[in-house]
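Okay, so subunit A shows up in both of these, paired with subunit B first and subunit C after.
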Partner chain A sequence: MGKQSKTPLLQVEKLVKSFGGLMALFGVNFEIHPGEIFSVIGPNGSGKTTLFNIITGFLKANSGKVTFMGKDITGLPPHQICRQGIARIFQLVKPFHQLTTLQNVMVGRAYGKDPATNLRKSKEEVVEILNFVGLGNKIEVVASQLTMAERKRLELARALAAHPQLLLLDELMAGLNSAETEIAMELVKKIRGSGITVMMVEHIMKAVLGISDRIMALNIGEKIAEGLPKDVVKNQLVIEAYLGK
Partner chain B sequence: MNLQVSAQSLIFGIFVGGLYGLAAVGLSLVFGVMKMLNVAHGELLMLGGYVTFWFFSLYHIDPFLSLLPSAFVLFLIGMGLYKGLFSPLAKLHEEVKIKNSLLIGFGLSLVFHNLAIRLWTADERSVSVFYSGWGFSLFGLRFPFIRLAGLVLATIVILALQQFLTKTYFGKAIRATTENWESAALMGINIEKTSMVSFALGAALAAMAGTIVSVGYAIHPAMGLEWTLKALIVVVLAGLGNIGGAFVAGVLLGGVESVSALFVGPYMEVVGLVIFLLVLELRPQGLFGKRSE
Partner chain C sequence: MSSHRKNIFLGLGIAILLALVPLLTKRNDIINIMVLIFLYICLAQSWNILAGYTGQVSLGHAAFFGLGAITTRILWVGGYPFLMAFTTGGLVAVVFALIVGHPALRLRGIYFAIGTLGLAQILKITVGNILPTVADLPGDYIATYNLIPRYYLFLILAVIMVVVVYLVGHSKLGLGMVAVREDEEAAEASGVNPFRQKMISLAISSFFAGLAGGAFAFYQVSYYHDLPFSPTWTFDALLITFVGGVGTIVGPIIGAFFYAIFREFFARAFPELHVFIFGTLFILVVLLLPGGLVEAVSRIRRLIRAKKTDTGFS
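Our next item is the complex of A and B:
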């Protein structure tokens, strides 16, 4: 087992992406190991969300390679990447507004990785997931009636229902108050505890430093630092990127 | 003008209205899933009618029997159109997407219109079967058999579609995509396939409407725009993506138009458009639509 944890779950090599003349990612390399909480930080426009969009197949990279569990997944469409075991939540939540929370999560269960063949049986599991994220008492509520914090948790539940090995969290904490942030941090730790590797993009430093195992810092499409949280925040390049010289 | 004439007009209006509903559900399905407005929808309906006309005049196949074959032919044409013309738009920003789909749709409608003139001439055609004149009277009102059958068939098709969308695995994928395609893709739904099948299904529904029109009424190459407009009015009336509502709204529009024709004569087309504007102004989510934020 000790040896297996050395093989990365996700490996990203020399990723390049440009939008016209704008370089969004410029040869980014990194690896995520099973069981980690891996955070990506960087100022606005540093390429964090672009990176997520490429990994999940919403954007195609100009060059570079993404390998997941030893398999090349570069350029696969989003639904196939989901079925390989990568789930994601959006920075701006995108629930199915007219469905109840239960039905929303059912979609993940029905079409995600190892899709449910018997929806009635999988309902139990979905209720369990909703309890896990703390929406157990909102099962029959229509998604458009939920508060922002609840919608974020719904998005999380839906992603979990797709049975991911790797969960990408795009600014899960953004827009939450500090009490809600605490709850969200606990939730992320619980998710990792259940055996799911987490990669997150986050602006709230308290959360990033509190739960990450490793951090990667991006600035204008390039990796400027990677390592333990305490080392990355002391890195001169990171401080300059955030505060200016 | 007596009550009987009004009642008879209303009944004929309801018969046509069922077809408005059938034409509208196809348009609504395509718009819902892909956020593209296919203004050539009426031309697909016209083509479906001519396919049935061909089946009848060349092979003597009863038009009601060729309902499904004709739908199948248009399903294939729809798949081709999606793959060749509409799928490249799928990834564009929503506003750019709808503008481009309008351009493609207008182009297509010109092409189909002229193609139909070439293939079938500009004359009005109709499929006349031996039972065309059959019917019965009730309280002095006339119920022609083929128009009644048309309404019944339209109802059955719409009910079947609704079952398909709410009960089947693929139908649910279509509805999830309608609500939010990005989330749907992320949950493992194949958007490309869902869009293609929805578009083809829209074409097949148009073909069924066209088939019924070719029996009970008449078809001609220039009918497309008129049917696209009717379908659009009904979609707005019903609220987007509301299948059952589209049928009711279609019947409503047919009834209102037909009765108003007694009073305003040739201006009855205006009545539908006035209703269209009023609904857009007063109740933009449609008569039966849920308000979304």
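Our next item is the complex of A and C:
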């Protein structure tokens, strides 16, 4: 494969997380390589979002290690992780409601990686990002007036403005109709094409299989499969996890 | 940018007009009500930057006002130059704010509001116990007392406060504050350190509240030391900001004029009923105009514009 010889962009080792007596993650290991689209699948409650929240610093793991570009980032607060080059979108979108789309995205540009100090000078780049996600005609619109699909794109634009090397997409496609899903898939491919590595949690199987390079399947906090999409979907454990024995 | 320039000229014009008031009138009642308006602008605007811009609704604003007042008064009457006493008052408020802010800003929403209210009340009672006396000005201070320098001190303070909020509101710092107000988690995920934004906002807020207190101590001849710590100052700031328009720069200014002038008018016209009438008016404004008077102005503007296009005069 040759992929194993590259140094991983993100390395997660023996991640354990419990909420009281409930084990959410049970020693999960995996690596993400530069330039790939890596998807995490699994039934509800399998620990996907918990995993995202630990990588991005919103939750603290009980034990285990997260290494990004050779640097230990375990336990760093979210804003520092963002500045290291990991940006995310939320499953339930969180736009800054009273701000325009331009201002929303400007926050990412002003505070993310290589932050801008002069807001006026970065306006051009922010507009470009808004064009890229298809919100170029909504620059002055207040976020609360956007549709669900537009809010998802705004979320994406804000994350991109933070100049990430790794972009974490928590159910980008959820709540979108099939036409919108197609557009979102194209966008994710374009993002990867621009050199950004993508890790995504997704329930829409068409999307997962259509664009992922590799897939990891979780069930009740444990990794049950990892590999190429066509192999993972045929995996007996994965089928049982979704459909039961 | 032309809108920037327009705003700056407009603000400058109003400030110059206000600076001329003492030259045009010798009526002390007018000067006094203007002083009160400037005091309210500073108090409300300083509350607005923490609550309106950064989303941290503090009910302890009077603590900063009181600390500024007591520090300034004691140093000034103690023989130190006024400006030194005044600045020290502002700084004492900031130091207190940052010490208290460290734990308090980790609380969210209603807990932060209640926590700050509690702290301010503790401070008020403590000051009342330690210094239960009236803060009188010494005879020679009263002999040289002149209202005009007070007027200009308050005017300059209000102008500086408005300019600071304007600059912050148009800066990267302000964008980060508003992001924290809108959604703390989303702000964090975008690289904003919410705690830092809140602390900076609190520092600016408490500094100007402290200066307003210092100006009050310079202006008021005689009062109990715990009066500037009274929660009334907090709620005045809050009401003015909400009535004017929370999270906007113009809101607290309009609110301060409205509040001071209407309260004075009602108190004279209906001495027994004025609190009741005033309270009802406030409830109506907040119910009908959640965005404050600023919203009313923009609604009227839109109406006028709509009418103009209807009749073909555009």
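By our rule, the second predicted complex is superposed on the first by the 240 of 245 C-alpha atoms of A that agree within 3 Å, B and C clash if a C-alpha of one lies under 4 Å from a C-alpha of the other, contacts with A are read in each partner's own complex, and residues count from 1 in each chain.
In the analysis below, a residue touches a chain if its C-beta (ideal position, glycine included) is under 8 Å from a C-beta of that chain, and two chains touch if they have at least 3 such contacts.
Just so it is clear, the structure is predicted and the values come from calculations on it, not from any experiment.
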Fit or clash between subunit C and subunit B when superposed on subunit A: clash
Partner chain(s) touched by A:234 [first = subunit B, second = subunit C, both, neither]: neither
Which superposed partner A:95 touches (first subunit B, second subunit C, both, neither): both
First, second, both or neither for A:107, with subunit B first and subunit C second: both
First (subunit B), second (subunit C), both or neither touched by A:14: neither
Subunit A residues contacted in one complex by subunit B, in the other by subunit C: 56-58, 77-79, 82-83, 87-88, 90, 94-99, 107-108, 110-113, 115, 158-159, 162
Footprint of subunit C on subunit A - complex, ascending: 56-58, 77-79, 82-83, 87-88, 90, 94-99, 103, 106-108, 110-113, 115-117, 119, 158-159, 161-162
Touching residues on subunit C, where the partner in the complex is subunit A: 171-172, 175-176, 178-179, 182-183, 185-194, 247
Complex contacts: residues of subunit A adjacent to subunit B: 56-58, 77-80, 82-83, 87-88, 90, 94-99, 107-108, 110-113, 115, 144, 158-159, 162
Subunit A contact footprint on subunit B (complex, rising order): 169, 172-173, 176, 179-180, 182-192, 290, 292-293
